[in-house]
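Here chain A shows up in two complexes: once beside chain B, once beside chain C.
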Partner chain A sequence: MSARSWDAVVVGGGHNGLVSAAYLARAGLRVQVLERRERVGGATVTEEPYPGFRYSVFSYLVSLLRPEVIHDLDLVRHGLFLVPLESTLNPLPGGDELYREADSNRTFANVARHSRRDAEAYVEYRLRMTQLAQLVHELQATAPPDLVDGAAADEDAAALAALARRYVQAPRDLIFTFLQALTTSAESLLDQWFESAPLKAALATSSIIGSFVSPRSPGSAYVLLHHYMGEIDGVYRAWGWQKGGTGGLAEVIARAARSLGADIRLDAQVQRVLVEDGEVCGVVLEDGEEVRARVVLSSLAPQASLGRFLDPGLLPEELLDRAMRWQSFGCSGKVNLALDRVPRFASRPEPGPHLAGGMSIAPDLDYVERAFEDAKYGGWSRRPFADLVIPSCLDPDMAPPGKHVMSCFVQYAPYALSGADWADQREAFGDAVIDVLEEHMPGLRESILHRQVLVPPDIERIVGIPGGNIFHGELRMSQLFVNRPGARAAAYRTPVPGYYLCGSSTHPGGGISGAPGRLAALRVLRDLDRPAEVSATAATGSGA
Partner chain B sequence: MSTPPPHGTQAIQRAFALLRAVADSARPLPLAELSRRVGLRPPTAHRILGALVAEGLLDRVERVERDGAGMGYCVGRRARALGALAPLAGQQKPPRTTPFFARELEHHASFGWRDWSGVAGATSYEPTYHREYWAIRNAAAIIDVSPLFKYEIRGPQAEALANRIFTRDFRKCRPGQVMYTCWLDDDGKLLQDGNVVRLAPDRFRATAAHPTLRWFQDCGHGIDAEVAEVTEDYAALSVQGPRSRAVLVAAARDRAHAERLAALPYFRAAEADIAGCPVLVTRTGFTGDLGYEVWIAPADAETVWDALFHHGEAHGAMPVGLVAMDQARVEAGLALIDIDFVSAAHALLEGRKSAPHEMGLAWTVKPSPDRDFVGRAALERAVAEGFRTRLVGIEVSWMELERVHAPYGLRPQNPHHPPSREPGALYAPYGAEDGRQVGQVTSQAFSPLLKKQVGLASVDARFAEPGTALELEMMVDYKRVRASARVAHLPFYDPPHKRDDVTIDEVQGARA
Partner chain C sequence: MTARDFDVAVVGGGHNALVAAGLLQRRGARVALFEARPQLGGFASPLALGEGVEVPLAVDDWGLVRDDLLAELELERHGLAWAPAEALAALRSEATDGDADLVLWREAGRCAASFEQDAPGDGKRLRRFLAEIGGLVGELEELWRRPPELRQLARFVLSPELLRWCGGSLEELLGAAFDGTRARTAFGALALRGSAWGPSAAGTGILLLHQLAGTTAEGLRVARRPRGGAGAFVAALERSAADAGVQMATGAPVRQILVENVAGGSRAVGLRLANGTEVSARCVLSGLDRRTTLLDLVGPARLPVQSVRRLRHLRHHGVRGRAIVPVAKRAGPALATGEPGVPLLVARGLEQLERAADDAKWGRSSARPWLEVSVWPGRAGGTTWTINAQCAPQSGSATTDGAWASGLRAAIEGVGSGAELAPWRDLTPADWERELGAAGGCEHHGDMLLDQLFQLRGTERAAGARTELQGLLLCGSGAHPGGAVTGLPGWHAAELAPEELG
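For the complex of A and B:
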């Protein structure tokens, strides 16, 4: 193995590492992916802890996956199979609900039950958010400049100038909404539109996913916008289920990468990056084996990529300092359930299309705020927020016939508890989640065959993300665009020649988008003077 | 009122008064308000309303009011569906329906019905068809295909007659086998296509989209066989999707029937028993997926429907309408009569008639010296001359869709568009033929599975090679634009499970 020589080594076989590898291989490079675990995927994995019951263990839905990645890597041919979620159910206390479904007239009537004004405002809101998403979606396909590394900035100047021109030309009120979204809280954004508590809470759930903020925290509006940038077939804010779970998606990208010539090596833990005469020349594995290559890309978080892997003397002090202070403490947990029967909601006791949609437990903003209060002081939420999917209702292959699996994404479960240890608290937190679910799905508890509770330290241990943050680092202005992960490393390059970053801790951040992996690979190819024919997303304008 | 109402009709009149009051109101009305409008005491009104709700003529729903509280009555699902059918019937007579109609109404939550050969067919059961499409591709779809015309060819020389009518060689069709075939007029032009199952050495059953009893009978001159129309003798459900086999196996009466269905090969037929009803199951369909068609005596229709849904629930089975099936058949590259080609019996213009070779059906016409089917001589002359058009697949990539929408400030919004049967012009690129029109797309759909626009097209044979670059005219923001398209192999989607062979243990043990 070590006798082979590689053009590029990609550290980490998560979705971004695999996307990078596939793009590099597509351009004719000899690529070696090194994955620490016995399977590819990182946080995009499906496992079968009980026969017939399959969990999409960590990440569970796909929305942000870039169309150009799907197209360039021919992912459909390799098994991409995205079943869209058509509805969102928010159960409310007392057997009430807010149900947003595929048919817009029905959604209108359902929202109107809570407020006729809001039903009309919701139509306008979706239009405005679509315009906003159109305005910013190009950001997902544009490399940020490096504010210090001038060379990188110059290369991207043209693309950025075009982007800036479009922002200047966009309607004023849209730019105003955009600036608000970058800075304000989700609540203050939503207050401008809506009066009814259930709708505001339902929409605000996107503003806290994976983030240590509440809908009342400044900056939460950006997290909401980040989730709006996802699309399925041109429909923003649409979510899809990959057949076989997100592990299925990792397999799809891995197949694409292999078919393009990349080699993926499992059970290969990288210990450090090999640097000779100031230039990267490969990596060293835990067992001392050297894997040599002209360039190395790391898809890991900065603490590892810029910290553990490198001799500290190789980096400017401020970059090293930034890497070690990178905000990646997670606050999201995952409860995976195997169920004996299909769950029944108090508000909707009969099985129906709602079970194949998303469901979330967030009756009003106070509820979410209280959940956050617990976490602010180092506790876990006594009454957690939960975002639910029943994968077996979207994909019969996920559970034996008649049985089901339920994926519960829950907050808040801060990485570090004050005065307590997750080892003692994990199951109690799981109980709190089930208690809340039981209120809305009477009988759920009795139907549970098996339960898996995962909290940030588990994500850190299993996936390797320091702090267990699902986005490899908080999505806040101080950690976005030119700040992701920081000056001298924001344009996928690092100060060490030949060493690149390609994971979710680079622009445009977390979620199964493949965008960081793609942009990093394109940067490498340009630096190697290996132009690649790739798709570029078309500048759409605001539509206004 | 000129004549007094006959005795005993008071309750019915009151029921109608309540129905009218509900129908006249834009929003659900509460009991108190209804009683007042109709002039009944609330307990009386309540009793009658209960009966109407039980019959599905009214629904009891939560009212959409600012004060929020309370229940009200609105027009029920069954009454709405009946109303939706009125245009089909010209409001003169009740529309013809299939034997599954009552069951379909129970699932029907949209406004959509389509006239299929004069019979009401659901376009989609849910308000949008998307989940029904995914049921075909990802779980199990149950589609009512009863309106197909059905004919039996029976008698000592049934085989000879089949071989005279159809282009395929039915001497090679063993009992229990199904053959897809087409049939031609005397000029070698395509009349129709359909599946023919050989039930016994002297008995065949064919399906057709258009009535064709007279043609079949006229072809039989001098042959000792009879042709009978059996359209009304069989209701039919098409069970399609990767879990369709698991659904049928679960619904089979006993292990022997289950084994037979599990092992049924592609394009074969088997008799089976579902919930005590004898049915014929053929491994056929119109979706390009794993699938079966179940042929049922009309009296057993509801029993079989109930059994399939009862056993299908665990496999994600859903009732699926005609829009989702249309989407699937475009992906499967299956040309549809009246849409992608015109039957020679219906074409006003000679140029609108097609030879099988022009519809991708050359494979169904294998010449053999000792056999003579209707249209053979003319077809052979045409083959010698060559054909000027071909049926091809056309695809437009997602990135190209983005590109043509962008100048208008739009992103493609494809999932909102159902499959289209509107023709679209295909042009040669500039530089070839000066960009003139070289064909037309006749069916197209954005495939949410394949992430591209796909279509069936008839093009000039010189542009029919897969990979050929063409331009497809599309409308974006009411402007005609030309998108770069490519000629593609058909079918677009061809999963291996469509024709695989498995055992019952694999069906029951594995995840399908």
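For the complex of A and C:
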């Protein structure tokens, strides 16, 4: 086995590593994926910590997966099966609620109960956000240029010029809002449309998911837009549940990669990248085994890819410093619950289709801001924000009959607590989450059979993302595009010939999109002079 | 075509308005300027305390004035001379005397030595910081001196460092730049003067770049005062304008900008003063902020709905309060520099700046404000201190806000331990709004983060000096490139006005 020689080694078998591997294999390369754990998926895994109860342990929804990845890798044939989430319920204090459903007339009426003006503006808002998502999509589908003396390298100049033309030709109003969305806070953006607190809060929650910001923080509007990129078969802002959980998705991509000829090796921890005469020639595993290849792609965060794996002398000092200071302190936790009955909301006591949608606890922006302030000074949120899904209502295989699993994505749980240790605080934080949920779902506490509380240090330990940040680094302007993860490493290449980056810490960033993995693979193929036939990305930007 | 009283009528007599008026008159236009207060200068005005003693009303920093752009005004000939200081600022982070202060010396070598002593390695880091900042502000200066355009975006997108500094937080950027807590705090405080944000907010990096314009690898930008007192800069601008022939009226508030319908929209044709006088002009310049100019003086009925929405949502969040403290004897604060021209920043760390911004966010005044202290000559051989404190109450003052009064008093006593303090007065954002007409009491005429800068310092329809109306330009801090005493917005308006004059 070790005698085999490879064209490419991909370090890390998360969804991006697998996407890269599949694209490379598809172009005829001999590809070896090396995954440290006993299963593929990285943060996209499904596990069964309690008999019969299965969880998407970390990431929990699929929405950002690029249509071109689905098509190029033929993922549907390999088992991609997305169940759309059709509604969002925001329970409010006093048994009130804001409910947005698939039926836009009913949503109009539900929003109008809080503000008639907002119900009208919501129609306009959704249209505008879809237009913005298309513009962002074009940016996200463009590989950041390799910069030579402050200008784009020739190979990237044409794509950049095309992007610039697209923006110059877009309507002026749209570009103005686009520039705002890239720079401002979610609150500032939403204030221009809406007046009612519940709707603003409900929409703003997308601006903080996985990010150490509040909806009032500058730059949070971009995170909102990043999540608006969710597109299933051309429909923007569509979220889906993969049958079998997100681990199911990793298995799907792994199957696609294997069917294209890639080999995936588990329980194989990479210790360092092998460099001879200034060029990459493979990797060394923990047990000393060498795996040789012409190119190496790392899907890990920069602290590992650029720090741990390489001899520091191989990189410019600035880049190494940048990698070590990479802002990737996670602030999101996950509380996975096993329930002996279906939860009932104060505002909707009877079971109904709302349980098969998303639910989130964020009654108003002040609530979220207070939760953020707790974390800003090194504490966990006394009254956390929570984004809920009940997978067993979407996919009965996830729990024994009559029982349920509930996934609670919660913020803020900062990686580093000041003056305290998560080992002592984890369950107290779990209690705070349950306290908040209980207010909106009376009786929930009694129905809990098992509770799993995961905080950023757990994500770091289990998945291996430094700081436990689910996006492999904050999605802020200083860490995007030509800065993701840093100058001279943003174009998927690194200063070491033959060594590439392909994970969420490269453009366009986190979320189960497969976009970084795809763009990295395309860069590698071009460098190896192995052009790949792939779907055009611009064609998918046409919207619903 | 009716005869116009003037070519250009200017609303307000702040320093930018004076710059624009003076430049245009010298370039051949007939200019009239109307200031509501009895004193010209706006935020850069002096405040007379009697017996010939004066301090600046609001702003103590003249180091950002772009001398080269104002050369035409011949300010030296009209009495302006600068007294440069050896340092940009000093930071005091604990209640000690001057010995423990960190001094931001102008000259790179001297500053590096002071940084090195504070945290080993920071001397070398300072030199790297200066080289990097020098390059960036050089690049930005080109953009600040040009009307904003969409294509400038490419500059940002292709410059990792520009993107990092304009999109990053002061906390992350200064954390990477320096090991020393005090170095981080000093630059953080310099940047956040007048800003409602805390250092952890993404995008606050650009505030520092604005403050450090003129910095090079050889040293920090200049710090200076006009010789002859706080009012000498405005006095020179006034003399220069008067000498050129600008007609200036003080105590003459403008109530309305007169507008006519013309082909393709509306056109500003003059002003109506509070006393009912109408002044016709071919072009109107407003030194007031964009919201006040367009919503109050023009009126929403004349504007596109979209613009009205944007103008209403521009953030103008004044946070800076100011105490003016006469000190009977020539006493403290003991200055490490020994130079009264160097402001003393008093802040214990970035966290204090952060918490002060949190207070502002919730509409409270800070119980523990951070300070910028400047020392001025006082009566009978004493001194006067001007103390800027953040964050001040949005409305109210030390007489109505007990927490603010006690926080400020404690802070002042902390700085001036042992000094004989005479009764002091305080000014807050409510005063800036009432006295100087700045929306929200915001000295920058609008928040200065990237979502309100360049192409976004305006509305969908108009940015830079331009407005929705033909014949109406902004010449104050609400226009590109923003606030502080620079003269840049006034110069931009003067550059653009000939187009409007036809």
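In the analysis below, the second predicted complex is superposed on the first by the 533 of 544 C-alpha atoms of A that agree within 3 Å, B and C clash if a C-alpha of one lies under 4 Å from a C-alpha of the other, contacts with A are read in each partner's own complex, and residues count from 1 in each chain.
Everything that follows uses one rule, which is that a contact is a pair of C-beta atoms (placed from the backbone, for glycine too) under 8 Å apart; a residue touches a chain by one contact, two chains touch by 3 or more.
What you see is a predicted model; the values in this text were computed from it and never measured.
Peer 1: Kindly say whether there is room for both chain B and chain C on chain A in the superposition, answering fit or clash.
Peer 2: They fit side by side.
Peer 1: Just to be sure I read the superposition right, which of the two partners does A:70 touch: chain B = first, chain C = second, or both, or neither?
Peer 2: Touch partner of A:70: chain B, not chain C.
Peer 1: With both complexes superposed on chain A, which partner does A:103 reach: first (chain B), second (chain C), both or neither?
Peer 2: first
Peer 1: By the touch definition at the top of the document, which applies to A:483: first (chain B), second (chain C), both, or neither?
Peer 2: In the superposition, A:483 contacts chain C only.
Peer 1: Of the partners chain B and chain C, which touch A:116 in the superposed model: first, second, both, neither?
Peer 2: Touch partner of A:116: chain B, not chain C.
Peer 1: Determine, under the contact definition given at the top, whether A:356 touches first (chain B), second (chain C), both, or neither.
Peer 2: Touch partner of A:356: chain B, not chain C.
Peer 1: Have a look at where A:168 lands relative to chain B and chain C in the superposition and call it first, second, both or neither.
Peer 2: second
Peer 1: For the superposed arrangement, I'd like the angle with vertex at the C-alpha centre of chain A and ends at chain B and chain C, nearest 10 degrees.
Peer 2: Angle at the centre of chain A: 130 degrees.
Peer 1: So, A:321: does it touch chain B (first), chain C (second), both, or neither?
Peer 2: second
Peer 1: Which value, in Å, gives the least CA distance between chain B and chain C in the superposed three-chain arrangement?
Peer 2: Nearest C-alpha atoms of the two chains are 22 Å apart.
Peer 1: Taking the complex as given, what residues does chain A use to touch chain B?
Peer 2: Per the touch definition, chain A meets chain B at residues 52, 67-68, 70-71, 76, 80-84, 86, 101-103, 105-106, 109, 112-114, 116, 134, 137, 231-235, 238, 243, 351, 353, 356, 393-397, 400-402, 535, 537-544.
Peer 1: Under the stated contact criterion, what part of chain C meets chain A in this complex?
Peer 2: 150-151, 153-154, 157-161, 163-169, 172-173, 175-176, 197, 200-205, 306, 309-310, 313, 315, 351, 354, 358, 361, 449-451, 455-456, 459-460
Peer 1: Okay, in this complex, where on chain B does chain A touch?
Peer 2: Spelled out, the residues of chain B in touch with chain A are 62, 64, 66, 68, 126-128, 130-131, 134, 138-139, 243, 246, 250, 313-316, 397-399, 401-403, 405-406, 409-416, 446, 448-451, 511-512.
Peer 1: Flag every residue of chain A that touches chain C in the complex, lowest number first.
Peer 2: Listed in rising order, the residues are 145, 147, 150-152, 164, 167-168, 172-173, 175-177, 179-180, 183-185, 188, 191-192, 213, 216-219, 321, 325, 327, 369, 373, 376-377, 476-478, 480-483, 486-487, 490.
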